[in-house]
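Across the two complexes that follow, subunit A remains constant while its partner is subunit B and subsequently subunit C.
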Partner chain A sequence: MKKVRFIIKRIAQVIPMLFIVSVLAFTLSNLSAGDAAAITLRGDGVEVTKENLEAVRSEFGLDKSLPEQYLNWLKKVVKFDFGTSFQTKKPVINEIARRFPTTLKLAITATFFSLLLAIPIALISARYQNRLPDHIFRLLCTALATMPDYWVGLMLMFVFAVLLKIFPVISGSEMKNIFLPAITLSLAPMATYVRLLRNNLVEIKGFEYMKAARAKGLSETMALIKHGLKNAMVPCLTMLGTNFGILVSGSFAIETIFSWNGIGKFAVESIKLKDFPVIQCYIMVVAFTYIMLNLALDIIYVFIDPKIQLD
Partner chain B sequence: MNEIPILEIKNLKTYFYQKEETIKAVDDISMKAFSGKITAIVGESGSGKSVTTLSILRLIQGNGKIIGGEILLKGEDMLKMTEKQLCSIRGKDISMIFQDPSGALNPVIKIKKQLIEAIKLHNKQISKKECIEKCIKMIKAVGLREPEKIMESYPFELSGGMCQRAMVAMALLSTPKVLIADEPTTSLDLTIQAVILDEIYKLKGKNMAIILITHDLSVVAQMADDVYIMHNGHIVESGTVFDVFDVPKHEYTKSLLRSIS
Partner chain C sequence: MKSENKRLFKNIIEVLMKDKLAVAGLVIVLVFLILGAFASQIAPHDPIEVVLSRKLQLPSLEFPMGTDNMGRCIFSRILYGTRVSLYNALVVLAAILAVGIPLGITAGYVGGWVDNLIMRLSDIASTFPSSLLALAIVGIAGPSMKNIMIVFIFLWWAPFARIIRGTVIKIKEKDFVTAAVSCGSSRFKIIINHIFLNSVSPIIVLSTLRVAAIIMHLAAFSFIGLGTQPPQADWGVMLNDGRQFITTNPILMLWPGLAIMFSVFGLNMLGEGFNSALLPISGEGNSQKGVKYE
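Our next item is the complex of A and B:
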């Protein structure tokens, strides 16, 4: 019962958070330098005259005061109408809706890979603490955490797509080609998970309940898996949430390298063109996903760590 | 003492290797434990009591190492056993109760799962229903009420005394031949101490060999049959409780006894 109340309370907190995000998304994009009307005109190849500027401004509602613009915008946003993109002249929500799932797919797959790799590696490192496997993995993880993802992406592409021809060079946003970009994005988070998990596991190894688990007859490896892992995972969840937030906002470099038609690439292009509606919609969608994810994590915490305070 | 001991330690040496020096935590000790008897190991902290118990289970970690001696369980040397053999002995033939009950239970796993694990590890065929029945019976046997509620609890929802009883129940589920109780009451309230000790005393009647680690001589006087006094990794004196308490020979034992009278 307490759990249900906690969950309802957390969900209710989403609304004010979204409101704050909407204000920030709107004002910050308007504060940036450059005249959107002028850029739109140039983009269309129309001469920038005073009359033309005014025509564009009144068309997009840019001639009104900022609070007024915000309210007009918000009225539409609650109906999922983010306006028309300055660059494509199509409804923004459709443009984002087309690209966001592509990025989300990549983010989920990358997170899945990073955990899939991190858990066994951390277990092996903790089990053979300060012995050869631990040293090798530590070195590897330090290297992976420091290598820039666009470089790793190019190298992986060179080896697996160009030399070995296992994967195509152009992935074309298709699920069957997701492996290379997902692995690229998973490596750096994986390295941080490994280090955190491994250190947690090593600390937990010295706890009394691990000794008790061994005294029951569990082998060292099984004791780590059954009694250590769940305890060690709790601090990792927070980091998982942050990393996933970064992933859902899309990676411009990786999406470009692997020609993955996602939200990151689109956002960067829109920022260059000062395509406000797209930028605003992008911020809202990413923030919404991020908030929902953290909500989900909070709820998961309640089930993983029974000691969590529900009040 | 002409019966055959269930557990016999001969010349056990457990050393800890640190950068500069070697700490001889347990240095050449020998002792015997018999079925149906309580054998007490007494000593101040740092005297090597706990290292002795961990050595018996072969659970010395880190830079510690058993460098010599024999630990004979029913005549078989545990120091020569493989890790796999040891796993089948730990928790089945030899069980252990730890000093800090709330620390020895996993904080994020329900008591039920932790108890069932203790059974399933050594009896893979047992059905889940049988398992739960056995757990409930054992929880009742250690004097806890509402076993179903206890089973569904997490350790932090129970008091220290309840946790320790759950620990005792867990240790007894596989009906071990040897039970090691490492300061089982040190972290508990005085009133609960007596109750837990009483539960342990009752096990004597079930033909279990109990090794009781303590620094509390009054507990030893009440409960133990045989006693070993440890000091600085050595056993300085041993014998039946009456021998040791009535005519202490060693200077350390005398000072220990003086300190409580």
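Our next item is the complex of A and C:
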């Protein structure tokens, strides 16, 4: 019963968020429609006078009341009609859809790297708690948390692309060049996972079932891997999901630095070119994905973690 | 009461001073504050004056960090960038406090549906992806630092409101408040007087850490061209300018990067230091070195 109440509350929370996002996106589309009216007139070779503008505006439905315009806009959005991009003259939704897999590839690889690094580091830190390896890794993680990712990206690019020439400076969104942008995006989340995992593992070390595992003859390390890790991972899930949501939104700075043609880079370019339909579509698509992903994770979490407090 | 406060304050300073990283953080923060405050006095050159005849020079006595692709003195630009970064971050922090504290007091004191509404708003604010809102606001109102700052004010008041609300609820029903009210004092006044004492520690810790995060985020938006606009001196803008010269003059992107890194590092270390000195119960392993509140 408590679970159902929590889920209903959580879903109710999503509705105002989606509303705010849609109002923001609608404002953008409204701005673009105003410009588009003038552009249409000029495109048709008609002088931009007040009367002409009025006529086109009423044709676009811009003379209606704002709530009415909002509903009309919403009807189109539900059908994935976000208008055409000013830059490419193609339907915006196709442009976003075309770039989304590129961002997704980067997000998955970065998440994979962050776990690949975080799990062994956390295990070593917990195994040698308050000894040298633990201290070194803690310092490393603190340092990583204070370095902005775009600065780390530039430094990695300088070392591996300019000095060592292992990777090209311009990655061109090719899978074989994914290493640098992915590792850049993985480091800051990794630092937070290590911190959380290590503390969970240290806590678990004192539990009865770990004593039982050791009594069975498992070494300290094996006991941690076999019985500790799974339980320590559970509380990390929310964080993993949130981070993945952020990565799927497309990192503006990292995609720009490595010229990785994902949706983040596309959105930034569109802002500079005032390509409103693209920005509008980006906001709707990304916000929807992000909000739903987090909602789904919270609901899954209710069922897998018995310790969760639902109040 | 007063001498007790003084002793507590002395105690906090003592604990903070024993924490070497916190002291390092404090020194770094003070250096940046001084450099930013006296940028116009210290800077040897005009930060935006373009002199193409002296472009891309290596560090020398005249130009301690060299010159950039426009012949501008990098050292002077870093100094003015310090001023811009710190000033913007402190303005954002002040605005966050100005929004968060009254909302927290209202939520905790009034309770009921008002509390519910404010807390639901804070849930939305703390889960809303900041980059998305930034993109929307910048899309509507155009790229500028002011617009980016507004985004962070909109979203980051929530934790402060929550801390204050918790404190208000905790002391609202305390016996001494009820006693004072029955003697004719105003309940609201008593609570306001006690909020300061009871929530100043978590607010200081959170504020220090948030300033670091704000500096990092604002620089990121300047870096991708949606925040401070060139030719204005700003660490993010300078990093982006330097990026074009990664193969030929990598030193250009070294300076602004180091400035961002050191300021963020200093503030974080200071914040962690405050955390273990002021909030001895929270956080693992901090209880041994924390201040004793007897």
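Please note the rule applied: the second predicted complex is superposed on the first by the 217 of 311 C-alpha atoms of A that agree within 3 Å, B and C clash if a C-alpha of one lies under 4 Å from a C-alpha of the other, contacts with A are read in each partner's own complex, and residues count from 1 in each chain.
Simple rule for what comes next: a contact is a pair of C-beta atoms (placed from the backbone, for glycine too) under 8 Å apart; a residue touches a chain by one contact, two chains touch by 3 or more.
Only a predicted model underlies this, so the values are computations on that prediction, with no experimental measurement involved.
Colleague: Pick one for A:Asp305: touches subunit B only (first), subunit C only (second), both, or neither.
Modeller: First partner only.
Colleague: Considering only touches as defined above, state whether A:Ala38 meets subunit B (first), subunit C (second), both or neither.
Modeller: neither
Colleague: If we overlay the two complexes on their shared chain A, which of subunit B and subunit C does A:Gly217 touch? Say first, second, both or neither.
Modeller: Touch status of A:Gly217: first partner only.
Colleague: Regarding the shared-chain residue A:Leu18, is it in contact with subunit B (first), subunit C (second), both, or neither?
Modeller: A:Leu18 contacts neither subunit B nor subunit C.
Colleague: Go through the superposed model and pick first if A:Lys230 touches only subunit B, second if only subunit C, both, or neither.
Modeller: It touches subunit B, and subunit C stays clear.
Colleague: Looking only at contacts as defined up top, I'd like to know whether subunit B or subunit C touches more of subunit A.
Modeller: C
Colleague: Between subunit B (first) and subunit C (second), which does A:Glu208 come into contact with in this model arrangement: first, second, both, or neither?
Modeller: In the superposition, A:Glu208 touches subunit B alone.
Colleague: Looking at the overlay, what does A:Ile271 touch: subunit B (first), subunit C (second), both, or neither?
Modeller: Touch partner of A:Ile271: subunit C, not subunit B.
Colleague: Can you name the residues of subunit B that touch subunit A in the complex?
Modeller: 54, 57, 59, 61, 83-84, 87-92, 95-96, 98-100, 103-109, 117-118, 121-122, 154, 156-157, 167, 170
Colleague: Would you pull the subunit A residues touching subunit B in the complex into a rising list?
Modeller: Listed in rising order, the residues are 205-209, 211-219, 226-227, 230-231, 234, 304-307.
Colleague: What part of subunit C is in contact with subunit A in the complex they form?
Modeller: 120, 123-124, 127-129, 131-133, 135-140, 143, 212, 216, 219-220, 223-226, 239, 243, 246-247, 250, 253, 257, 260-261, 264-265, 268, 284
Colleague: List the residues on subunit A that touch subunit C in their complex, please.
Modeller: Answer in residue numbers: 13, 16-17, 20-21, 24-25, 27-28, 31, 142-143, 145-148, 150-151, 154-155, 157-158, 162, 169, 199, 245-246, 249, 252-253, 256-257, 267-268, 271-272, 276, 279-280, 282-283, 286-287, 290, 294.
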